[in-house]
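Once you scroll down, you'll see the structures, which are given as structure tokens.
Next come two complexes, and both contain chain A; in the first it sits with chain B, in the second with chain C.
Entry: the complex of A and B
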């Protein structure tokens, strides 16, 4: 049966908690990169400048069609050959940010498309500039429908952080694995990792749902 | 390429029309919607545009506000809006020029198109603050005045989802008027309304005709309304003006066969 040792649990808890903080930072920074870059990718695809459209579309397609782990390796190991040297941490956050930016740009695209054409026409009829049209009228209305997808990818990024262990980032999974190897005991650290992921992911998903409802109300859309 | 030198750089004279379409054509892909349209709207004139669907009547309004034209030139108050002057010749207008020229035109839509995340008042203020650069305070005062005029001042802090269709359309009219346009365009503004609230909107438009010397173009299916308030009615068929005249002539004594057919078809439907 299970041979669960509480004293070992207490012993490794501080190390895992500090790794949790690192993991959250990596996921958080990666997410912010993805949110902003994703929007840039989406808007770039909507410009009237055709070559830019095409390049960006291909870039998004390329990122979405290759595995994250390959992108992590590529940025970390191949990047330096092009003069891009980054620490494992930075490389990891950039890789996650880039990868999810491609997915988020699709979320944004769908959300922007869901705003009725009449809203664009109303903006034209008021002679609003493109910038104001997007940021004051269209994006606020697209936000509620983008939020579900945005939330999913927040949790998704968090769950993908263990992949950063392949380039030696001391996130949660990497740390648990190290503890296991050092002590020949994997039960406690791996179980703890699972529980920590659950304890963060579930409330995060709940929070996003509450936020979504709040936003709908705040924007007067229900 | 069209020879643009045949068009004047600006219209001059004592009685220049407010809106002037000169040889305007517009198509979508391979389909020609309007062909060689020549139409002048005088200052302060109310012109109704009627015709069967697909006749190009809505496109007449959309070319002024939303779309580029394929051929011809449109003038507003004597100045070209679809084109601009360069080295003494007309060239197609840049987006920036077009945007600026169109601030002089207001438009209302069949489906109101109010901004759902803003209150009635914010809807009216948006263009004033963002486009005309007015202070919030001035914008608020002007917007409230217009909401009062269209009779929805008591709803100023409500979002569109809390308003009836008639109220929403009146807010939309106030929003367009707030920009102090030289020309107002109404694109089937009563078509999406329940019959019992159509009067709310038509009475606002009647008020505009009676009290403001505004130039207006209205696409409508409501013949009675068009007859009541228009100075002139244009019947469109197949991308062209088939017949036009003062309402009593066009409705009472139509000359063209297609006009007669259209009017009698409408009459028998009612």
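Entry: the complex of A and C
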């Protein structure tokens, strides 16, 4: 019943490992896009133009309440209709970056709200520029409380990369499917993908906890 | 073809897909809650074996991707002699995955109930079941609801993945319509809007309402 073939395992291992690198690259690039775009989405909700704030707010809600997989398809297939041709990689990075930007913007928002009001008042009393207020006073204080959420979404983005396989990004899931259909054997490649995910995401989650603890201590917060 | 023509021609397909998505969601909600409660309680057990089973389950399903789990359960389990029909496989995988996240919420919520409540229930010599059911669980439930609401939205969005094992849900129909008409913006756009309306204007308000009811019952409203 359980016919696991070790020689097949060894045969496909190198291919899966090199696909793992692609998965990590996809997660990393997507995360960087999400970090930056998320900040823009947060700041765009705090301008003096109420209409802009509301539109951005609802846009974030829209991204957060629709499936990532559908967004991936949408960006990949709709772009060409309007003359924007993107490779699967580009479209995938844009989609996953945008999706997680919406989540991260909520993390940033919560963190900014956690900075005491007196800090804002002090800034305006010193008539600091908005730019200085954010980058020199508020963000450095908000960062520690944002870190937990940011860490969780790093692991989250890593676990969502298999969805990129549907538009043909050659990450782990895509490679495993390819191996499976070339050899008519799905047991080993699909199981290996699961194990590789476990081997990366559990230590990563643990590492993030340790890092958070270290940072909190370093910043003198409990 | 204008968008209205598009809708009148393919609208019914989107509606059928939406129905399947909602069915997947509703079944999975009940199964997720059940799994989360069981695994959450098991993780709090003093029995190492019971606790171990729960920890293994939670880490296994939180550590891998839903899509990996879905493919594994649908394509690999049959090789081991367990064949699930795709509709069932979808519901079971969704519930197993989200249930693992839910279990951590349940555990956290039960642990967040103040110790005095346990002691008071104990000193009134309430039976363990009564203590849990009438004293601890209602308070834990109230603490858990906001986080639980987010999890339900995640579950709803996750149902889109069952289209990849060809359950004919909304996502699946959108892809079909796209490959028939090549009208990607209309096909995927319509699906996006339907998902958005259900998540934002149906599921979220229902959760808010449940929160309101619970808070009022708890006398915190």
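The criterion applied here is as follows: the second predicted complex is superposed on the first by the 220 of 222 C-alpha atoms of A that agree within 3 Å, B and C clash if a C-alpha of one lies under 4 Å from a C-alpha of the other, contacts with A are read in each partner's own complex, and residues count from 1 in each chain.
The rule we apply is simple: contacts are C-beta pairs under 8 Å (C-beta built on N, C-alpha and C of every residue); 3 or more make two chains touch, one makes a residue touch a chain.
Keep in mind it's a predicted model, so treat the numbers as computed, not measured.
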- [ ] Mind telling me which of the two, chain B or chain C, contacts the most residues of chain A?
- [x] C
TODO: Return first, second, both or neither, reflecting whether A:206 touches chain B, chain C, both chains, or no partner chain.
DONE: neither
TODO: Determine, under the contact definition given at the top, whether A:198 touches first (chain B), second (chain C), both, or neither.
DONE: second
TODO: Mind working out whether A:187 is in touch with chain B, chain C, both or neither, as first, second, both or neither?
DONE: second
TODO: Please indicate which partner A:129 is in contact with in the superposed arrangement: first for chain B, second for chain C, both, or neither.
DONE: first
Task: Contact residues of chain A, present in both the chain B and the chain C interface - done: none
Task: chain A contact footprint on chain C (complex, rising order) - done: 59-60, 62-69, 71-72, 75-76, 79-81, 153, 157-161, 163-164, 171, 174-175, 178, 184-185, 188-189, 191-192, 195-196, 199-200, 204
Open item on the list: Quick check on the complex: what are the chain B residues that touch chain A?
Closed with: 65-66, 99-100, 102-103, 105-107, 109, 111-119, 126-127, 130-131, 159-162, 175-176, 179
TODO: Spell out the part of chain A that touches chain B in their complex, as residue ranges.
DONE: 116, 118-119, 121-122, 124-129, 132, 136-137, 140-141, 219-222
TODO: Note which residues of chain A are touching chain C in the complex, please.
DONE: 1-2, 61-62, 64-71, 73-74, 77-78, 80-82, 159-163, 165-166, 173, 177, 180, 186-187, 190-191, 193-194, 197-198, 201-202, 205
